[in-house]
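What follows is a pair of complexes built around chain A, which joins chain B in one and chain C in the other.
Up next, the complex of A and B:
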């Protein structure tokens, strides 16, 4: 049995590390019933052992059950919820208030994270790596650039989320007003557009090879296709169209 | 390709398939990484990188938002990189055929993720009472079995795709009828269209985004001129 701790901020470093490591595996039991709810319980579990009575106590069991129910958040920002909920549980906040807090926090953590990470940081890092390839980068250079750049943001965001959640507890909502979370997508989007203008033609030139280059026909066909596909954006998935066109081309090339 | 030859590739597909959602989401499953690693496994990392870049451009179209259904690029990247890395250099049909195999794998693998999530939900239903009682063992068991099944899923998808597509791609490349230049051109146009439209879809609401894109294009033109 572990000794009771008064607050999430006072947790031993090894427990914080354990929670951080579990955050990386938080979506291991993601499902259509509870989304990442069971993952939240799994991630908080090392800290809940510090509740009065320890691992065999009723407080631990009640908290683990409560925290394993439905929850939805972007995985990189889920640390904010995990930290805040750990602190609330260890501070003995009443269960009804914790439930209300969970419900209120889930939506913003999903939408803010999706905008910042999936719709900004990930495409930006992909474009930078594609640009390194277009500039003649080696396999190691391209892969290394992508992984280092992307994960610098990824690792820091998860660590910041857990730290801010543990330190602010149920008052963590103000952290969502952080300038990086609010303005980040706008600035990253501008940077991504700039990089895309250089990186895509460079990379396509290298894929096309020296004998082909980016001749007028290819550029014209690509521009027309982009405009058409962009207009259809709500009704068509580009990768499915790519799959269909490629299948027809392969069939044609095999049969002729 | 024999089963023994496909096993290391399947292991790589399993590990990278796990990265997509379960652990650690460090994006080693992005096709630009996965295909390059698979190419390196085959002994030809530049080939893996080439198809990885094309797949990455197409993958820009599918962002893994919450509960949405999307293709799984980790195993697909491995299959594409391994297949393309194994083709003799300079075969005109190699890139389109391997790309098609990778896209089909991405689609099937995406479906396998939906099946896995349903399986986890069914297992949750069986252990719900114990989890509602606060059973640590039930929660850990659910979570770890979910991750194990995901690992298995990625491996199974990869090995199945390799066993089907390796002989198929070899046969397609052998009887390919189009010349090298149009074969590459089709792939380049497809990648350009999907990437361009995907970026517009993602960034069209960003202020002044077109000006930034045009500025980037000017830099590219400047590079062309100075070269």
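Up next, the complex of A and C:
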């Protein structure tokens, strides 16, 4: 039996760490029925043991069942929901209010996360890695740069989310107004454009090598790419394109 | 310009709406039609945070949306309109008349619903509501993101066999 805790913010550090590490595995149970709902329940579970009655009590079972239902949010920002919902459950907020809050929170977390990560951070990291290739980096250097940069972003984002959720509980809306989340995509987009301007010519120069033999082919391929993007329009997704271009450069550098 | 997409999605504002549809349509405003959200200040605050700075959000209950629809439609900027359930969209369609097509973007699993597509789960009652929408002269298709195929209602109701 575990001693009752009055608030999510008062949880022992080991419980917060347990929730954090479970956050990393949250998508493991993703499915089309509950999406990441069961992952949310799994991540909250170490804290729910502190409900009155512990793991044998009705409060624990009801909360775990409630929190494992359908939920859809960006996985890197789901820590905000996990923290806020843990605090609400431990503070004894009435279930109907928790469910309404849970429903309302999912969409904004998805929207903010998609803009920040899929539409900004991931393409930015891909372009930096292409820049490393252009600067003469090895295939391992290119892949390593991408993985280090990209993972640093989401690991920090998850930690911040969990902390802010636990500390603010149901008043977490103002955290979504954080300048990093609101203006971040715009600034990362500008930085990505700058990096693209430097990285792509360098990378193409490395592909072309000395002389002008491949220049015609590169210009032709670029023109075809531009026409394809213009024709595909809404069917083209930025993160897929960025990862695809990165993969082509890595493959080319391995094969040559 | 006006409203380019009328969407039913129980997640209301989320990534598929803001990034998936909002960016290619260059949407500059979003009308969120939901009776409960329209009367809840804390929920409105949450949804405001979901919107990028370059986009404006309007909250309305169904009655308000019917009343203000002409203003949304005359807006020079491209926009999106979302309801969280089929019944709200049906009431809107009956009240406005000018709505020619409705997009099913996400109606997710809940007790009593069965899977039709991976993002569409319906009760028999909701299937009837969708038939009513189509009978009102509205083209109903399911399409979660622009890069996916628009699935006609008849095909949606046939279910996962497709």
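Quick note on the criterion: the second predicted complex is superposed on the first by the 214 of 256 C-alpha atoms of A that agree within 3 Å, B and C clash if a C-alpha of one lies under 4 Å from a C-alpha of the other, contacts with A are read in each partner's own complex, and residues count from 1 in each chain.
One rule holds in what follows: a contact is a pair of C-beta atoms (placed from the backbone, for glycine too) under 8 Å apart; a residue touches a chain by one contact, two chains touch by 3 or more.
For clarity, every value in this text was computed on a predicted model and none was experimentally measured.
S.K.: Could you tell me if A:33 is touching chain B, chain C, both of them or neither one (first, second, both, neither)?
M.R.: It touches chain B and chain C both.
S.K.: Based on the superposed arrangement, let me know which partner A:255 touches: chain B (first), chain C (second), both, or neither?
M.R.: first
S.K.: Of the two partners chain B and chain C, indicate the one touching more residues belonging to chain A.
M.R.: The larger set of chain A residues in touch belongs to B.
S.K.: Would you check which partner chain A:167 touches, where first means chain B only, second means chain C only, and both and neither mean what they say?
M.R.: The answer is neither, since A:167 touches no partner chain.
S.K.: Kindly classify A:72 by the partners it touches after superposition: chain B alone (first), chain C alone (second), both, or neither?
M.R.: The answer is both, since A:72 touches chain B and chain C.
S.K.: Considering only the touch criterion stated at the top, classify A:118 as touching first (chain B), second (chain C), both, or neither.
M.R.: Both chain B and chain C are touched by A:118.
S.K.: In the overlay, answer first, second, both or neither for which of chain B and chain C A:202 touches.
M.R.: In the superposition, A:202 touches chain B alone.
S.K.: Please work out whether A:176 is in contact with chain B alone, chain C alone, both, or neither, and reply first, second, both or neither.
M.R.: second
S.K.: Looking at chain A, which of its residues have contacts with both chain B and chain C?
M.R.: 32-35, 72, 110, 114, 118-119, 185-186, 233, 237
S.K.: So in the complex, the part of chain B that touches chain A is made up of which residues?
M.R.: Touching chain A: residues 21-28, 30, 32-33, 36-37, 39-40, 45-46, 48-50, 53-54, 56-67, 71, 93, 96-97, 99-100, 103-104, 106-107, 117-118, 120-121, 124-125, 131-136, 139-140, 142-147, 150, 172, 175-178, 180-181, 183-204, 206-210, 212-220, 223 of chain B.
S.K.: Please name which positions on chain A make contact with chain B in the complex.
M.R.: 24-25, 27-35, 38-39, 41-42, 45, 55, 60-65, 68, 72, 75-76, 110, 114, 118-120, 122-123, 125-127, 129-130, 133, 139-140, 142-143, 146-147, 150-151, 154, 185-186, 189-204, 206-209, 211-212, 214, 217-218, 221-223, 225-226, 229-230, 233, 237-239, 241-243, 245-247, 249-250, 252-256
S.K.: What does chain C use to touch chain A in their complex?
M.R.: Interface residues on chain C, with respect to chain A: 11-20, 23-25, 36-37, 42-43, 45-47, 49-53, 108-110, 115, 118-119, 121, 146-147.
S.K.: Chain C touches which residues of chain A in the complex?
M.R.: 32-35, 70, 72-74, 100, 104-108, 110-115, 118-119, 170, 173-174, 176-177, 181-183, 185-186, 233-237
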